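This report refers to the structure that appears directly beneath it.
Per-chain numbering from 1; labels A, B and C assigned in written order.
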Amino acid sequence: MTEIYLRKTWYVAAWSGDLGRQPLRRVFLEEPVVLYRNQNGDPIALQDRCPHRFVPLSLGTLCGDDIQCAYHGLRFDGSGRCTLNPHGDKTIPEALRVGTYRLAERHGIVWIWMGDAALADAAAIPDFSIVGDSSRYAAAGGYTHVKANYQLITDNLLDLSHVEFLHPGLRTEGGHAPRLELKQEGDTVWSMRYRDNVPPNQLLKMFWSDRLGDSRAHMRWDPPSLLMLDVGITGVGRPVEEGVAVPSAHLLTPETARTTHYHWAFLRNARIHDEALTATIKALGNQAFDKEDKPIIEWQQANMGTTDLAALHPVLLQPDAPAARARRVLAQRIAQERTTGVSA
Amino acid sequence: MTEIYLRKTWYVAAWSGDLGRQPLRRVFLEEPVVLYRNQNGDPIALQDRCPHRFVPLSLGTLCGDDIQCAYHGLRFDGSGRCTLNPHGDKTIPEALRVGTYRLAERHGIVWIWMGDAALADAAAIPDFSIVGDSSRYAAAGGYTHVKANYQLITDNLLDLSHVEFLHPGLRTEGGHAPRLELKQEGDTVWSMRYRDNVPPNQLLKMFWSDRLGDSRAHMRWDPPSLLMLDVGITGVGRPVEEGVAVPSAHLLTPETARTTHYHWAFLRNARIHDEALTATIKALGNQAFDKEDKPIIEWQQANMGTTDLAALHPVLLQPDAPAARARRVLAQRIAQERTTGVSA
Amino acid sequence: MTEIYLRKTWYVAAWSGDLGRQPLRRVFLEEPVVLYRNQNGDPIALQDRCPHRFVPLSLGTLCGDDIQCAYHGLRFDGSGRCTLNPHGDKTIPEALRVGTYRLAERHGIVWIWMGDAALADAAAIPDFSIVGDSSRYAAAGGYTHVKANYQLITDNLLDLSHVEFLHPGLRTEGGHAPRLELKQEGDTVWSMRYRDNVPPNQLLKMFWSDRLGDSRAHMRWDPPSLLMLDVGITGVGRPVEEGVAVPSAHLLTPETARTTHYHWAFLRNARIHDEALTATIKALGNQAFDKEDKPIIEWQQANMGTTDLAALHPVLLQPDAPAARARRVLAQRIAQERTTGVSA
């Protein structure tokens, strides 16, 4: 099989709040990884396979900053070096080390770099600053495991026309068809939907009266599969800044070719201390992603048989343009990485 | 793999009574199909895969005679043409169509033709008229899903010697060995068992006293896997017409090479309005097919490892002759279809 | 795949006490076998696949010394010959026979020979006499099914350094590091651990006061995967005979390349009529093997991806020497069997 993943790039490993002193095993791009925080609170990522007998280190326990293998008690520090061999004369063979992954913690998210660590640059992480900006935005986030190729979820997110059919709780009742726009800057692709003079949908209603407004849903995609949705409504003909915004982050990390980690968060810049509202919005996200998107996308994957969408010659409709563009950008990036060893 | 299915032939898709206004997904010969009835009650069969993003149409909803995809709202009519594209300028690309399957509804059964539709001729459906003839026969039917190649079930049905060992509720107590006969007319094969001057078995006893009689069990097979069993008893030396008959239909449709849809029905020409009796006989069928045949045949399939019985060089016994004949006829038909493209 | 099993050798099929007049299906080296006792109590092993239609004979019933197939009533005796064909003229085709396996019953264990029966010699069974010697030893035994290659369990047993980390109930508290010794005689490998002047572990405490003693744990391995552990403690500087011994047998039979039958038994030469103690020790074995070793070894197998440990280049530590030696001996034996057809 040719390489199907972009490697020299940042993926989401976990929500910052989900990582602590309990070792967490996650498979990314088919590689097992153990994640934990050291005593300073810094996140650590090691290959989740002891080099002695290949047991997952995540079954072990933390000893200070190190992780101790459950089977024979070898300890490894955050740099992957063995710090304790309790056996024989206790010498530590040079080969007794595990691979590490470069991490960065930004915006309330632990990011992982799956390629050559020397090339990792946290400045390349796309801007998800509002996710972690709790002074200005409240967040209601979650995690969904999806048995489908990650690009099928990218397709789903870059074509929000499915909302009208699949998500009764999020559709705009009585709204006319939106105006669509596709934009690309560098490798960033936007799928933009505008609807002027419409009633708010159920989500926006929580912050907005029933009166008509100009609404928008602008999905931003960065390779490989990091999406930010700007959803909002403002008075008819009024500037965006006057209205309310309920943006959301959609962060996809391939686990395998047919399974995906999906981290999502709804943000809002209104009623940010209303915790009951946060719970309501989180339930709405669970409903939409776990109960509505996930089964459809898993059926889609199973019914396709393959992960190669193009091989099935899908009929393209107008709203597919942004997803098609994103797939093209990603394919170019993967091809580039493969041939030159360097990703643009 | 060489072709393992006969395609230009009729298979059973569903009992007529099991098909209505709720889309039904079934896989036949490894192809996903969605079945439903239009507003006239006519059965429709479409490829169960939207040509846009390959989600099963069976997850969608019926809108009049059309089915609407759950994901993006495309609608298709019974001819497989798209009738509504709600997106963009709403034009419908020529490629936006799904495959259809020719159906015929006869004898209380929805039949499906899995080959070139132009060649479908309902007159080729074997005679199962008594199954749907409720004025003369009461029916107690069911459906069993079996994790085994369909030909293993054909083998089972064409060699009823297994009844004495596997089905205590159907065996003939105290009966001597039957006389066997094999008959072939065209591609139809009969496996016939006669037992003169024996007590009735438990099924026949429901319509017949305990007195001795001449009993018969004549299994008729038509390609690919459609079987009709004439079971009955009559007075010793008396004509068949004087006795009772409890025929049964056994209709096998391959789902995959290792899984089979098994539709079965017990008919009877006596006490046809006795619904308690119908329930009793249905329970007897469930016991025999779900609890006795199914586990043995599934173990057989698992223990074989392969679906190619001949490769294992089975030892043939006398009662295997009809099944061996039917396998030969079917292999010839499949080979013929493959080489000439035409089935006899 | 090259041959991965030694065939001309004895494996454990079952505890003697687990085999009776109920047919028992077990897969050994990927071959299905049915085991039962004839009316004399002699153990029988046949290929678990009727030569007629390949149903497992183990689904059938015993008729005297024979087993009758559940599907069509064929009967086979302990030599694999068909003794009854109830069909047609009842003649028995020569081909109607099933393969047999040579068995030997020794030490309370039913042993099976998986290669050419002519070469089977019960004298080659390693000495496990104390397992069956109930006048001198009490036994608390069990059976664990492990989803891992059998050699991973051999590795586990030949390197008891894992006890300190994985088995809190068996570790020696406060004990200093043991002295290790590796010994080989012919194809027998010993992994020996000595600890002088230490407190007894939890198991030994049941027979010994809290006072310090000289303890030992000597694991003996014979190909392919038959292990005997001599564990005991004696007064400091005193001869072994004065102390107590709690030996245990660890008998591994590959089911498939990734699954293993694990028969284990704790023996003891003290308080041998104390049944409550036997139950306590059995519970301790269940805890250690089912709850502690099994999950780690299954995770190890899953995390390895392969069954070929060497291909992953494990780092060898000092206590790995005996397991490495045993793997080398076994690989030589398998290679020898493959090239010459004769095992040393």
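We adopt the following convention: contacts are C-beta pairs under 8 Å (C-beta built on N, C-alpha and C of every residue); 3 or more make two chains touch, one makes a residue touch a chain.
Keep in mind it's a predicted model, so treat the numbers as computed, not measured.
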Equivalent interface positions on chain B and chain C, same or different at half: different
Copy-to-copy rotation for chain A and chain C - C-alpha atoms, rounded to a multiple of 5°: 120
Centroid distance [mean C-alpha coordinates] between chain C and chain B, Å: 48
Residue list for chain B, restricted to those that touch at least two other chains: none
Parts of chain A lying in touch with chain C, wherever the complex brings them together: 32, 48-49, 51-56, 59, 68-73, 85-89, 93, 95-96
Chain C to chain A touching residues, read off their complex: 155, 159, 161-162, 164-166, 180, 296, 299-300, 303-304, 309, 312-319
